[in-house]
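Same chain, two partners: chain A is paired with chain B first, then with chain C.
What follows is the complex of A and B.
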């Protein structure tokens, strides 16, 4: 019987959503074109070639190495792309993804990525086209609500602020805003204006965000509501505390 | 607003903490309705800043052209609202003005809010204020400031020029 990974314990909606993000079993909710995504990331002009930092591996004449023979390089590595980043800020008010779960999603489902998790933001560094593949997956699926999460390379402030009256996470650099009933982004990650307006689609309603979130919150699904999660957390912490300590030795 | 100096010396302070950050239209309406309450001595608004330019990162210096950083009008006095209002603190001349204030806020805020009494901005000069303003003279050791209402309203290191707005008293 093939091994089936078990990602996260618990029976609440939050636990279920966390399993979905980790296993990449996420629903696609919107369409963002490659050009729009490239523009929003702001690392190169949309439609231009990927700048490279070294020649393609096939032309480099790699040394005879068993590890290199075993591991197939990612498309970005094979082409010699630069390493670039995508960074997210997710509101603490029921955004679909927690920074850690963006990292789990990237690390489990993508190769050659270097996810960095911070309290209010989450960054993935990878070869440019690999990073774009990861970013596209995250931006188009239920892992992101355009109103409650944002691509933010600088000034991520806003994730822990209260939401604005219109239900959108505060953005100091005004990279995206609610226009009508859709979120429009017209700046790249670092606040440089774009030559286009990217339609990110409708933000989730409060009820939908509460249903799709991976945040445990006392006003939605509290962490302590899930007995199985508590049991496993306590076990992990106990083993972590004891570590290799063996009193009988 | 009432004249600060003629007010009895037992003022109270109240904080209004909306559940969401206020957009400029709501903030303008709220501030105007607070100002109409009899017995308001001074108020302070606080929130996340709306900068004019990108202040860090590769896009540093890029202008931020945002439509919601706009001039609002409170009691006939226009000033630029350069924050997203998240908290309003009000000093009242006494307890009798508290309930009218709560009613005014309830009528103008479309969202739930917290309303609490406490001590939020000081009335006496602190050591930092003395360090900044100094004594009046060798003989007079009171603080060298024209208007004591400024105490506790802004950060002592900040420039009060574009942070303080004087509203004329009707009385």
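What follows is the complex of A and C.
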């Protein structure tokens, strides 16, 4: 494609990081094995087959249909996987990602995903193996700091709570914690204990989080200082308002 | 940070906000062992469980006693989240905005708060009924003479009959006066001559209840017409529903006319009187809802924001402090629309209290609102009664300034961010303050709503999050119809309400919208928002709930000190 999309305005590091997340131009920072990821997600036993809700599409004798001809099924759809979820909570103290940017990342870079965006949590629902591909990308890259973000299916209010004394985001269900200099997780998304301790690696330092974050904060990159973003939002608001006056234009 | 003042007090609004945060996080409450710097970004989470809260301990004991007595499981806080009880972080108290009352959060649920219940009872059991059409029918159709003396006698009769006293038939059961002592009728008029000739016990004297310019405006709006302010018994509307209010009123009014004016109970002309006395001049507090929501009149879903603005009476005593008026209205509307309407009638459950309390506790909206109002007034040289014409530029300016101020308050005070631990709370708090300040500065409600929508856009962009799916939807699409008056698309702000198409499922918004609209009439220095009849009807100290100091009244309820409850059954059940 000759056209290179310009995803986001702004000249600050936060705006630049937002562009990186949207275009999936993110740095890989850690390895998490497929089995560990499966365990943390908590939908099936690590190593087991994907449960399915229907036979593989190739065996279903689907009707001839132009839409089916145009759209190649995702791997999970082709196999008949269940739709399952991955849900994140990102701290408002300079976690690298924020809910809308996790959604934009998923929607722009992955097919067959259904991102949901809330204030404390962000969920992606998709066929299980497709969801896992998206989750793996987010968990292994600079989109995630294990100290400031977490896989959380429930109780996500830690996103706006003060940090713990060790700089880790509060978790009512204590799904993961700092042990030595790394974050380990020993419960799944909804707090069911695991038979393993997943090593999520070192949390970002305060300085690194401040550099990689997509969150505007007055003590880092203040929203008021990103004039272009503010002006762009004002423009969106103004045009939508005027369009309401003149729907025929 | 801008220095700004809570009008009429020595402390700034920021001082009040900090004090509330100190009460919440800077000192121990119960046994939560908290003593934190309110601006620190970190804290020690002690995971003390529910026992740190005196109220939770009391509730746990009550639940255990109930389970033992009835032999069936009852409340047990250890059942929370499969054995992980509330209180993994500190359980903290709430300061009622604009007061020094500090309470447990549980005591702000309407089930636990008698004052909140009575506020809604007092609205639901109220209607306004015109007298003039009935008087015309009496004179022209029935040949009766209507004089101040006959009106006084009729009002005597009606104050006997309205609570449930028999008036025409001789062998009738009646309600016990002690069960219905909150029920009465008064009258009001813009006609000073008539007012002076009526027995003062029956009169809401507009000149006494309102400051002079407000009284003059309201009297001019009402004109020579006269109206009855009717409050049926709380117990009646609790047993039935809001639709019962006008039905109960109608029967008692009709029978009182028949008795007071010595009419034949059966002649056809009485039908004319019945229509004119009961229905033709009737103003319900709320409109009936469509069948799919299946509620009669005088239920909260049909209560327009404009009527809600007028029900709250703070403007009678704090004319020069539009922010105070907005904040008291904010409390009343947030409690009613979120806690009782959406949280009770529409959804069920207990969670909606958390949406509403953010808007009327801990002085957060207060600080944002006083700051943004001061910015608007200073920038445009405006004041109460002196507004600037709304324009895209003015709204953009105040909307942006107020939003950034509100966002930075959360960023500067991590305890405040923790207090409002859901984005929906934060979004409503900032948009409410920003929108209301814009309405106050421009005197225009739709301009205030327009600033609300700009605020939501900016907030979402700054923090990369807003509320939840359903919460965000309305705020993304509202700007396009904010100035439309086409049906099913837009409406004058004051005439929008809880069942307005784009707002009907709008958790956490409706109290905020009402607050914004309040700014329009208070910014202009007007005596009422939408309906002078509603404003006057509630200008009455005999009403059980205090509609001037809403937050203080809620606080009394939370402290279990509110003692003007009505509709209690204690009189007719065994004493405990």
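A few notes on this one:
Methods note: the second predicted complex is superposed on the first by the 244 of 249 C-alpha atoms of A that agree within 3 Å, B and C clash if a C-alpha of one lies under 4 Å from a C-alpha of the other, contacts with A are read in each partner's own complex, and residues count from 1 in each chain.
Note that in this section a contact is a pair of C-beta atoms (placed from the backbone, for glycine too) under 8 Å apart; a residue touches a chain by one contact, two chains touch by 3 or more.
None of these values were measured; they are calculated from a predicted model.
Taken together through their common chain A, the two structures put chain B and chain C in a clash.
When chain A is checked against chain B and against chain C, the one touching more of its residues turns out to be C. Of the two partner chains placed by superposition, only chain C is touched by A:120; chain B is not. In the superposition on chain A, A:3 contacts neither chain B nor chain C. By the touch criterion stated above, A:161 is placed in contact with chain B and with chain C alike. In the superposition on chain A, A:193 contacts chain B only, with no contact to chain C. Residue contacts after overlaying the shared chain place A:153 against chain B, while chain C stays out of touching range. Clashing C-alpha atoms between chain B and chain C turn up only in stretch 39-47, chosen from 3-11, 39-47 or 93-101, once the structures are aligned on chain A. Chain A uses residues 154-155, 157, 161-165, 167, 170, 172-174, 191 to touch chain B in one structure and chain C in the other.
Those residues of chain A whose C-beta lies close enough to touch chain C in the complex are 92-93, 97-101, 116-120, 154-155, 157, 160-165, 167, 170, 172-174, 191, 214-219, 222-224, 229-230, 233-234, 236-238, 240-245.
Interface residues of chain B, counted against chain A in their complex, comprise 18-23, 26, 48-51, 54-59, 62, 64-66, 68, 84, 86, 110-111. Residues 40-45, 81-82, 84, 88-89, 392, 396, 400, 404, 407-408, 411-412, 414-415, 417-418, 420-424, 426-427, 450, 453-454, 457-458, 460-469, 472, 479-484, 490 of chain C touch chain A in their complex. Within the complex formed with chain B, the chain A residues making contact are 153-155, 157-158, 161-167, 170, 172-174, 188, 190-193.
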